[in-house]
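As written, the chains take the letters A, B, C and D, and residue 1 is the first residue of each chain.
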Amino acid sequence: MDKTFDDASAAVADLPDGASIAVGGFGTAGVPWALVRAVREGGATGLTMVTNNCGVNGAGLALLLQSGRIDRVIASYIGSNKEFARQYLAGEIEVELTPQGTLAERLRAGGAGIAAFYTATGVGTMVADGGVPLRFGPGGETLEVSPAKEVRRFERHGRQQEFVLEEAITTDYSFVRASIADRHGNAVFHASARNFNPDVAMAGRITVVEAEQVVDVGVLDPDSVHLPGIFVQRVVEAREVVQ
Amino acid sequence: MDKTFDDASAAVADLPDGASIAVGGFGTAGVPWALVRAVREGGATGLTMVTNNCGVNGAGLALLLQSGRIDRVIASYIGSNKEFARQYLAGEIEVELTPQGTLAERLRAGGAGIAAFYTATGVGTMVADGGVPLRFGPGGETLEVSPAKEVRRFERHGRQQEFVLEEAITTDYSFVRASIADRHGNAVFHASARNFNPDVAMAGRITVVEAEQVVDVGVLDPDSVHLPGIFVQRVVEAREVVQ
Amino acid sequence: MNRGWSREEVAVRAARELRDGYYVNLGIGQPTRVADHVPAGIDVVVHSENGVLGIGPTPSRQLEDPDLINAGTELVTALPGASFVSSSDSFAMIRGGHIDLSILGAMQVSSSGDLANWAVPGVAVKGIGGAMDLAVGARRVIVVMDHLARDGSVKLVESCTLPLTGRGVVDQVITNLGVFDIAQEGFVLTELAPGITVEDVQVSTGAAVTVRFPETPVRGCRVAVSESCER
Amino acid sequence: MNRGWSREEVAVRAARELRDGYYVNLGIGQPTRVADHVPAGIDVVVHSENGVLGIGPTPSRQLEDPDLINAGTELVTALPGASFVSSSDSFAMIRGGHIDLSILGAMQVSSSGDLANWAVPGVAVKGIGGAMDLAVGARRVIVVMDHLARDGSVKLVESCTLPLTGRGVVDQVITNLGVFDIAQEGFVLTELAPGITVEDVQVSTGAAVTVRFPETPVRGCRVAVSESCER
């Protein structure tokens, strides 16, 4: 069993138009730069991205946005990503804003076979009640807003509390950046570069790991694998980080 | 910050009658023997245990069962645990049989603030439809059965499928057996002794870790901690495994 | 009952369903033995519910590690490329559809793929364990079992009388008498054990059996315990 | 606006709410600075949403690790006892009620503890980030903020006009003017910044303020940036 591909382009060569892709990374840590760049160099368009913050200014996913390849984003944060904000407000893309913890949990749920779950996060807000703008019109008017979600009471620690139903996310592809991966796809992360990567990996039908270093099977300590190879279909070495 | 206690008895001295306790371990691997023994030596009774298999014949939780201290068990497997089977069939204890994956997920959900979740496991069976005996009468007649649960359709990977609603589990105490723990409660497990231990740890209001070895803070590699200390309130060293 | 394939031959036959690169979970008992018969050139990773991915053979006395067991609580080894995870992560693999194949035992299988293998009313319950998770979660489920129960009653049935483990979950059944796909029309006999006739199968089965042997004898070689079969 | 405590003094005052053994999450911006003022003898573990438990001070140039950042994407260090986890595990800590204290910024806080800090209609949205998770999940939520908005409008209000981040989630507010508990009767002023009167507070607050200074002056010592306060 050897899941390695020659390079990032080969690993995403079959990515079709309209695919959904979950992408790991938070800020500039743990971002699968090489895979994102390979998508940019490839032709796929009309993409849906699931990602915490959709890249930083002028790098990573922000470049995919710039080249008009993304139709829809599920993310928790826009922050100072100017291109992301501009396309959202100009109605060029649809954005589903999700609390960060709910986003991580929805990805894990997708990977773990959970269809939906009840969380307290977002109760009493537009996330549960509906109304977060999904798509703006060219004149800045709101064309579509997020729907109201089911809210239900459960007992937790002996206290009745309200929870909102959130559905799992699965994607066609998932892109992961790891520190070390072996040829079975077992992967290890370093420090806060782990972030969304394991969750994203579980949610993808085809999960591609780019690793700073690819090693032979048997090198990694089975007690210290952060992402077991069962969640990984393709592995590519991407030594340099070129944002 | 130092969460260590002198011994297992000191770490569970405040355990009240009627407490709920989630206990790690699968077979004889990763079982918190010292803490279970300390409960046996203490006086607490009327306990609810959440555990995969409630100990093995003549050891661990089976001894707590034998001494009549357990009223109720949430477990996935009885197997060849004769005392467990006897007490269940004789109506001495109430047993909520749960699929093993659902049990693990309910514990994790409890620890992660998820009130309930939809899983495909158990759909079309007595687990979803109700009817699993919870308590037998002295004559072997069924006194109480599990209730029917909500079943709902969701789309997963583009296909409509049925899922059953399962509620989270939180407990008053959780008992964990680790290989190494530091004084903050950060813990590391070895091989398949990890099993339910991290899930159990998350679900407990007071989580007690017994470790083969307790080390100073700073010894464990932050990238390799399996159970972060935030989930742990008490730590005790239990070098020998006395079943 | 001892007609056709022996239990070990059934395990050998089941092992021929393995494909290179498969992640597989093998149930407690007879299914576990399938691991002993993985065909040459086929690389599979064996998963165990208690959090081991990459189970290897039984250890020699010196290599025994009490912390390294499978879901049947037997001492095992870990192969290169193995990883250890928590129970919730282990079942995320199963429930999330990441296990390519689960091989399970059964008490009854219905012609629509219903599986019953956890409880017999009136008999002390053994518990559910991971069976319901595997039945629903694995991409493909193969049942290996004796064709008839010990008391001679049929196990391949129109409709299960025992409490279900999963509904419409079984893809294939391998018994001592032969190999059965579960298809639109119910049980489809695709292969007979040596010395077994279609009639033998029909009289031992509690539901209609469609016969559809593959035209090309891809599976036509004789199953033997010690030799693996060319494809 | 610059009356009473400076922003740094507010951070110092907030740091006095830390208790030994607390696991705390400090929001982006001013709340992050609370970590610089942990009182002597108090041991806390600082959590960051992006999967770091045990954040230490800003690294020197030589110790910078691009993979080790906080939720504000600033380079940080990890203290002895730290651990790194995935985002779902990190938020399990928050959402599961394992974080003892979350210190957040806010645009508006209502007298029933509603928090608004993520969106202003008509202004480009910054996103939600981890704010909603922290608001609901942390055992105790303290807001640190300027008492008035830049345009002079009130931020402590009867009822939020901005979209909520969480409903009834705030326990305490610390502004440049003083310290407020959120209680049954709404905002309860428990402490005034130096040179500030109750009347100053009342005219700058969009809701009724109950005054209840502690009888024993436990918090009565003057807050200074460079000295920690005896309890």
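As a convention for this text, a contact is a pair of C-beta atoms (placed from the backbone, for glycine too) under 8 Å apart; a residue touches a chain by one contact, two chains touch by 3 or more.
Everything numeric in this text was worked out from a predicted model, so none of it was measured.
K.L.:
Could you name all chains that are in contact with subunit B and with subunit D at the same time?
P.N.:
A
K.L.:
Which of the two pairs, A-C or A-D, is linked by more C-beta contacts?
P.N.:
So, comparing the two chain pairs, more contacts are at A-D.
K.L.:
In angstrom, rounded to a whole number, how far apart do the mean CA points of subunit A and subunit C lie?
P.N.:
Those two chain centres are 36 Å apart.
K.L.:
So the centre of each chain is just the mean of its C-alpha atoms; given that, what is the distance between subunit C and subunit D in Å?
P.N.:
Their C-alpha centroids are separated by 56 Å.
K.L.:
If you average the Cα atoms of subunit A and of subunit D to get two centres, how far apart are those centres in Å?
P.N.:
29
K.L.:
Between subunit A and subunit B, what distance separates the C-alpha centroids? Give it in angstrom.
P.N.:
Here the centre of subunit B sits 32 Å away from the centre of subunit A.
K.L.:
In subunit B, which residues are in touch with two or more of the other chains?
P.N.:
105, 108, 112-114, 119-121, 157, 189-191, 222-223, 226
K.L.:
Would you mind listing the residues of subunit C that make contact with two or more other chains?
P.N.:
78, 84-85, 88, 91, 94-95, 97, 137
K.L.:
Any two chains that touch count here, so list every such pair.
P.N.:
Final set of chain pairs in contact is A-B, A-C, A-D, B-C, B-D.
K.L.:
Give every residue of subunit B touching subunit A within the complex, in rising order.
P.N.:
By the definition above, subunit B touches subunit A via 105, 109, 112-121, 152, 154, 156-157, 161, 163, 167-168, 170, 188-191, 205, 222-224, 226.
K.L.:
In the complex, go through subunit C and note every residue touching subunit B.
P.N.:
48-52, 65-71, 73, 78, 84-88, 90-91, 94-95, 97, 114, 119, 124-133, 136-137, 163-168
K.L.:
Quick check: in the complex, which residue numbers of subunit C touch subunit A?
P.N.:
Counting only subunit C, the residues touching subunit A are 20-21, 23, 43, 45, 47, 53-54, 78, 80-85, 88-89, 91-99, 137.
K.L.:
State the interface residues of subunit A toward subunit C in the complex, per the touch definition above.
P.N.:
1, 108, 110-114, 182-184, 186, 202, 217-218, 220, 222-223, 225, 228-231
K.L.:
In their complex, what parts of subunit B are in touch with subunit C?
P.N.:
The touching residues are 26-30, 52-53, 75-79, 85, 88-89, 97-105, 107-108, 119-127, 131, 133, 157, 179, 189-199, 226.
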